[in-house]
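Two complexes, one shared chain (subunit A), two partners (subunit B, subunit C).
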Partner chain A sequence: MSKLAFMIALVPLLPLLAAAWIALGYMLGWNRGEAGERETHWVALSAATVAPILLTATGLYTWLSGGSTSYWLGAWLDLTHFTAAISFRLDALSLTVGVLFSVILLLVTRFSVNYLHREAGFQRYFMILSLFHSGVLLVVLAGEALLAFIGWELAGISSYLLIAYAWQRDIATYNATRAFVTNRIGDAAFILALFTALSFLGTTDWQGLFAAAQPESDLMMSLIGFGITLAAVIKSAQFPFSAWITRALEGPTPSSAVFYGSVLSHAGIYLLLRISPLLEQATLLSYLLFTMGLATVVYGWLTAQAQTDIKTSLIHATLVQTGLMLIEIALGLYTLATIHLVLHTLWRTYQFLHAPSFMQQTTKAVEPPPLWLRNKTWLNAAALQRFWLDPIADSLLVRPTRKLAQEAQLFDERIIEPLTGQPGSSNLLAILSRRPTIAGSMPSLESQVGTGVGVLGVLMQWAAEALEWFENRLVLQGSGNGLSRLTRFLGAQAELLDNYLRQPRYLLVLIAATLVVIL
Partner chain B sequence: MNELVAVTVPLLQADFPWLSLLLLLLPLGAGITLLMPAREARWTSLTTAIAAFTVSLWIVFQFDPQQSGFQFVERSPWIPSLHIEYLLGVDGLSLLLLPVTTLLFMAVIISSWNAMRFLPNLFFSLLLLFEACLIGIFSALDTALFFLCWELSLLPLFFLVSLWGAGPNRRHAAVKYTLFMMSGGAAILLAFIALAVQAPEGIGFDYTLLLQVVHQPNFQYETAIFFLLLFGFALKLPTVPFHAWLPVLAQEGPASVVATVVGLKVGVYGLIRFALPLAPSAAQDYQWLLVGMGMLSVLYGALAALSQTNLRRMLAYSSLSHVGLVVLGVASLTHAGIQGAIFQLLNFSLIASGLFLILAFVHQRLGSTEFLNLGGIASSMPLLASLFFFFGVASIGLPLTSGFPAEFLLIMGIAETHLGAGLLSLAAMIITAAYFLSSYRQSFLGAVRHAAVAQSVDLKPRELAALWLLGVPILVWGFYPQGLLSILQTSSTDWLSHILMQQ
Partner chain C sequence: MDFLIVLLLLPLGGALFILLWPNASPRLIRLLALSTASLALLLSVVLSSAIDFNNPAVQLFSKYTWNPRLGTYFVFGVDGISYPLIVLTQLLILIALSVSGSIKERIKSYYVLVLLLEFATTGVFISQGWALFYVFWELVLIPLFFLIDRWGESQRQTAALNFVLYTMGGSVFMLLSLLLLFDANPAHSFLFDSIKTAAQALPASEQTLIFLGLLIGFGVKMPIFPLHGWLPLADVEAPTPVAMLLSGILVKMGAYGLIRSVDMLPQAALQLQGLLVALGLIGIIYGGLLAWRQQNLKRMVAYASVSHMGAVLVGIATLNHYGLTGALTQMLGHGLVSALLFMLVGLLYERTQTYNIDDYGSMLATTPLLAGLMVFALLGNVGMPGTIGFVAELHTLVGGFQRWTWLIAILSLGVLISATYSVRTAKRLYTGPMRGDWSTMKDLNLSECMAGMALMAATLWLGFYPTLLISRLQVSVSQWASAFVQGGL
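Right, the complex of A and B next:
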């Protein structure tokens, strides 16, 4: 039994070892350059060959012996009230998808041997490919959500490395960063699900999670379901999160495109199929999935009509299919979704591997977008611009964060460093990027002391008015107008604060602070 | 003392003074190194560092993780009139800090092998003295002895930064750092005195006895003690309002020395060892304050790191953010939180130090760590760039590196008691990935812009070896965190039950 578990553990471990071996070889210099190509691809290929064979053999054995489908290897994190273990699960779903992904990755590895011949990054490429292979197999075979998350992250980082494969080009590295950070949102949601599972159930074992999923189950189960679902739909680039996948096409054609065309974008679908017993109990999630799937189908279909290059239109065609799978899952047609996944993955792999030679095979001119779409100019423009998903994300998330970051820096430079008498940064860019100070912050004297804005302002105005009265009655009869200057100063400061508070990002910070206090 | 025995801390006497050996070895090596000529000095210092590492490993293997309380205890009177003792010992929480410290100093010595232009013997000798002070901090069980080591550690650091610093303001940075820490030290001393006068013998500094004193019904000044200790250690951590020294030190100091300051978070250790256990009910009352402080540091550090234009400053703010998460873990007062905190403390000395050591290599080659002067490093120095990436993804908590289990436990711990803070630290996790990858992109990837970058040579075997020393434990603990956690288990349970115990 434990020997079998060890064999199954070898399936994702072998490609990982291959990756480690290649990295070690590069570091110590024995496989660099063209001379090292032979050894590099031999190592990667043999790991990629043995993995599916081993998987099929153990799968067949499990099936024939009719024994248990889960294999427990040992504790990975063992605290007093929860345990996360290394365990694997070999049922019909994981076996089918595992063999499929692993065979596809074997083919891609073989294909790349010729495709990348004499490329400068040959060794790096095969290291990344093996790492990805290992990560994907871990996601598929894991018997625990935590173990699946480890594979998930390995796949994520290798996807980053692959998109940034041509790291001399700024656009490639920018897109890689963008794709990774987008996926990081999904990772955070995944961790939330893991936390919920561990702290309420004490385990992240799939079996344990499903056992706890009762019809009357509550918020906790939906939180787990929601976290994993969010991670899955982001990885599969479903509708509001679709923008990253077009950026991801920067990697070497066609091998990276295979990731996004087939294996990686279907990993999300696999994860949803894996947690289907959870989804069945959470009706709200099913509605969410259905809506997202539908939106993705429409989005993918429309944009695919208008795109002007083969890789982008192919990836949007992929989105249509994964969107359909999402709908199937939402409706509870899991077997259909599984078959759909298998067939579509195979077909799309073929198509993507073919993409570089399309140029030679096309004989007639490329067809323009259909007439009805061209007639509706606004729709055509929207489809061509991929519904401005990227700019929207920019203005909603990226820019406010950047602003906030600049202000944190400004706060450090202007307030904390002078307060503590630090020499300050001899930092050229920071000085250049200093924002102009808010000018004209003196209030206009409309009422007696000035008009306050917002709650703080109004409060301050009242205080100032009371002081004004006080001043008129007492102080002005005495000496000078020092107090009136003070109130005016306070009013100005309050308005400055108010100005800041009215900007949405500060509102967000305040909400965050409130969250900390309340929860 | 007879009515005090509420919970006595078990003390296992050492059969051989291993800790003293460690504390003796290092200053001795430092002295010999100082007397050696420049070339031989580094060999003696490396030999001393290796010997210290071996001894600390031996201590780890002799340690029994099942046993609660302190082990390797050595006790002899020092100043009998004040009941100050020379009292050493380690428990599960401090045990692993010893080998990690000695390992780090080994790596630092190897990596600054011929980086020092003048007086290398003084440099290496001060480095060993600093190491001795840190070992003293981690193993002292007498608050007076701890305080002595705490203040003594400022001395070598002051000279290391002001003499071999990289920036034009290095003297200023060194003076500021020392002044900051002195003011923190004053608060700590005051707190220790307030505790000492309540000891059973009239006055006493024995930490293990003070642990029992704090549960006595007539224990006084608890809130004041807590705030004094918190202030002292918060300066050293640092947390947000007190962090100004860190970016300056990171920018002005020699990167290899900064690696030890950023890597060995003695402030967190002080918080865990002294501030919370010596004022347990105040710690519970002001849990919200600790959580708020930690949360502020996490977000503020991450955001500030996003807008830095210098790799050293970026790493300084990132370390601020990571320390904030550790404070959150400690403040959560949960099993996951405290174990994650210690785990992350060990990680810092591997990951954050590794990153700073690489920056030392970069600085040595290019004379700068500003983004403007870098760019395209990966083309001429692929190994350096890939190792920076490796340590970087470990710092953002990628699975299979030790950063992941530690960060995961910390988030688990804090989300258990303060869900809102847990959610926010998840958000900070996203920003962490953003600032690391975008600064990596700007300085290591892209086209080569400067001739200096194109002409630089990649890591030499010696430098590679120094980084491997730190990289291997990252992978080992990342693959099998349970091995490390099982050492922490007993002590962290004791720690937690001590604080949560009601009078």
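Right, the complex of A and C next:
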């Protein structure tokens, strides 16, 4: 039982180890450059190969032996009020999606070996891809929402890193940040759900969540459901959170294929399927999902008509399909949604991987948008501009936040920094003016040891100076030297006494005195 | 065959061996001393398997009559409180010996004295009778006096004399207290157990007076705030390995003695609890602020020791389970970290001939190993999570909070101050403008690197897996604290 759990744990662990190995190799310099490409892709490929095989084998074994679907590896945090365990769930849904994602990642990894040959970031790319592989498998196989969240974050951060693959270009890093920040909204919702589950139920185990959902759906359960749903729809880029996904296409094409064309955008759908017992209880959420799905279908369909580059139109076609899946889930057609997910993932990966050679494969010019759309100018413009989702988000969220940040910074510079004594940006000129002495490597005459800046620093300096005076004057001088001075004084007195006593007359007097006392 | 006595006599035998070996070359002497210390460390670690840490009684107990008329015995034993300190002693002696390569003159007597110091310190920790304890306590002074006096730096004579006068002065009070206790003991024995039973019968005011005497005696060694005058001087003037031992083990003897006295006179400890915690908290802030003011690196580390031992005192003063666990963990953690700091500061001095912080700068590129270890040691000094200091601070905070609630915020203030000077020092040493030309400076050699890594590994190991230590402490600590649970606290 626990051996099997360990085997399942190995499935997401292997790509993680591969990523760690590649990173270590790069840091220590043994797989850098073109010479290191062979070892790098060999490591990544082996991990990516073993993972699906292992998953299939354990899946077959549990299916044939009719064992349970949940596997408990060990407690991670075991506090009195809540427990977080490392556990896995191997049911029909996770097994199907897990094998599917894992095989696709294997294929894409293999594809990337040739695609990225002689690229400067070869090792980095494979490291991130393996990291992503690990994260996605963790999301799929986790038996706990908390564990799934770890995978979720791993996938998120690797997505960020791959969008910024060409970090030398400003636009790539800007887009990466934008995509990441949008996804963080979903992550915050996920954390809210986790927090609610932990504080009210004491567990984030899927089974435990569903069991708690059975009797009635109250506010707490809707909160959990809402948090996870929000995370899922943002990851799947449903309307109105669709804007980030076009920015995310900045990464190398195989990564776009695997992240946005297939695996990552379907991870959100998977998460919704996973919490389907929760959704059934919360009818409000189903309405929400239905509306969002419908909006996404319309949005994706319209924009896909008008887009002018292959990757963007493909991603909007993906949105149409994921929107449909959302509608299916909202209607309770979970099996249909699962089959839809599998088929669409396979097809879209294939299309995305073909995108770079699209020019060679097409013989005639690409058709313009349909006539009815071109006739409606405003709709065409809206579709072309992707309904201005980005500018809207900018004016509603980004600009006010930036304003607030500016004011906060002003407050910080004017009031806080002088009080705490930090060399803030406002003091930059003062620092620069001291630059020549620093550059001339002249040791500054006054030492800055034990001097404080700012209100607290100055208070601390005063206290320390007073204590130092006390220490030097009383403790070190007074008692230290005083002790030896006292000894020396007593020694001198004793010597004096001894001198007297050595003279016979005093000795006689002493003896006489003793005798007098005794008698 | 009693392994505790073997452990005790091993360094003494090693010292005699070196002493009697005719015309030994420096290499051979070093080898002999190192192998003796390694054997002792090995033995002390293996000893753990022979000890039942779940049994509150004293383990590996053995008793031989010394002088029946005076009630003195050669009586040895360990428990969960003393065992970690015994291992710490053996470990630090080994590491101090391995970085003693810079000692070039009078090698034979140096190594003999360090081994004698090991003998005496181990004796303090395994004695189970106050008479024997006192003998070893005083015996520690002799090798230490010569080690500081002969191999120290420019002001070594003053420092050595000052150190011995301070400690002896404290010992007088301690001896008086012990004699009073002996006098009150109808069984006429100096055994820990026997005296503890007898002490309960004394009137409360007398118990308090006796405890005050012991507090002065142990407080000098520990050192407690107004009695710490010897430490900065001795630490600065002692040669590096001896400074490591001074603040690594020697000051722990004081804290250990205090823990035993509290166990013996719980009523008095309860009476003086306020005084103890006040002294501890003052020590934390006082030592921290003075460390922050020091330009001399070695002095800074010395004052940091005062601050950390203040935290140990606070832990003891809580008189509860968490507090003492924190105090003992802190003793161990401070032993490892301050030894590492003294070692690195000493190695820095060997290379640059200066202790002044202002003379350093931008040394990260030239000596990455030294820099890395130093930054780690400074972080360990703050008690970063992941180092043992964090475990210690947490326990002390929890224990202190149970007893005094908000007052314990001062402890956190102490942590903040220690962060201030630690980070300041790391910044001054390794970043910023270049002061002086250190571009040709050599990085750590193999043995130095291994010694540093060993200390770092121990700090991290216990920081990430404190159960290793705490599971061994637990039963003894509970027994110690039980006196106060019943006492109506």
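The criterion applied here is as follows: the second predicted complex is superposed on the first by the 412 of 519 C-alpha atoms of A that agree within 3 Å, B and C clash if a C-alpha of one lies under 4 Å from a C-alpha of the other, contacts with A are read in each partner's own complex, and residues count from 1 in each chain.
Just so we're on the same page, contacts are C-beta pairs under 8 Å (C-beta built on N, C-alpha and C of every residue); 3 or more make two chains touch, one makes a residue touch a chain.
Remember, it's a predicted structure, so these values are computed and weren't measured experimentally.
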- Query: Looking at the overlay, does A:57 come into contact with subunit B only (first), subunit C only (second), both, or neither?
  - Reply: neither
- Query: Counting residues of subunit A in contact, which comes out ahead: subunit B or subunit C?
  - Reply: B
- Message: If we overlay the two complexes on their shared chain A, which of subunit B and subunit C does A:463 touch? Say first, second, both or neither.
- Response: second
- Task: Considering only the touch criterion stated at the top, classify A:512 as touching first (subunit B), second (subunit C), both, or neither.
- Result: first
- Based on the superposed arrangement, let me know which partner A:211 touches: subunit B (first), subunit C (second), both, or neither? neither
- Query: Touching A:171 in the superposition: subunit B (first), subunit C (second), both, neither?
  - Reply: neither
- For A:339, select first, second, both or neither according to whether it touches subunit B, subunit C, the two together, or no partner. neither
- Task: Provide the residue numbers of subunit A that touch subunit C in the complex, in ascending order.
- Result: 438-439, 441, 443-444, 447, 449-450, 460, 463-465, 467-468, 471, 475-476, 479-480, 483-484, 487
- Item | List of subunit C residues in touch with subunit A within their complex | 158, 161-162, 165-166, 169, 226, 228-230, 232-233, 286, 289-290, 292-295, 357-359, 417, 420, 424, 428, 433-436
- Query: Contact residues on subunit B for subunit A in the complex?
  - Reply: 167-169, 172-173, 176, 180, 241, 243-245, 247-248, 251-252, 291-292, 295, 299-300, 303-310, 313, 335-336, 339, 370-372, 376, 378-379, 383, 386, 393, 398-400, 404-405, 408-409, 411-412, 415-416, 418-424, 426-427, 429-431, 433-434, 437-438, 441, 445-447, 464, 480-482, 485-486, 489, 493
- Item | Of all residues in subunit A, those that touch subunit B in their complex | 23, 27, 74-82, 149-150, 153-154, 157, 160, 164, 167-170, 173-174, 176-177, 180-181, 184-185, 187-188, 191-192, 194-195, 198-199, 401-402, 404-406, 408-409, 412, 416-417, 419-430, 512, 515-519
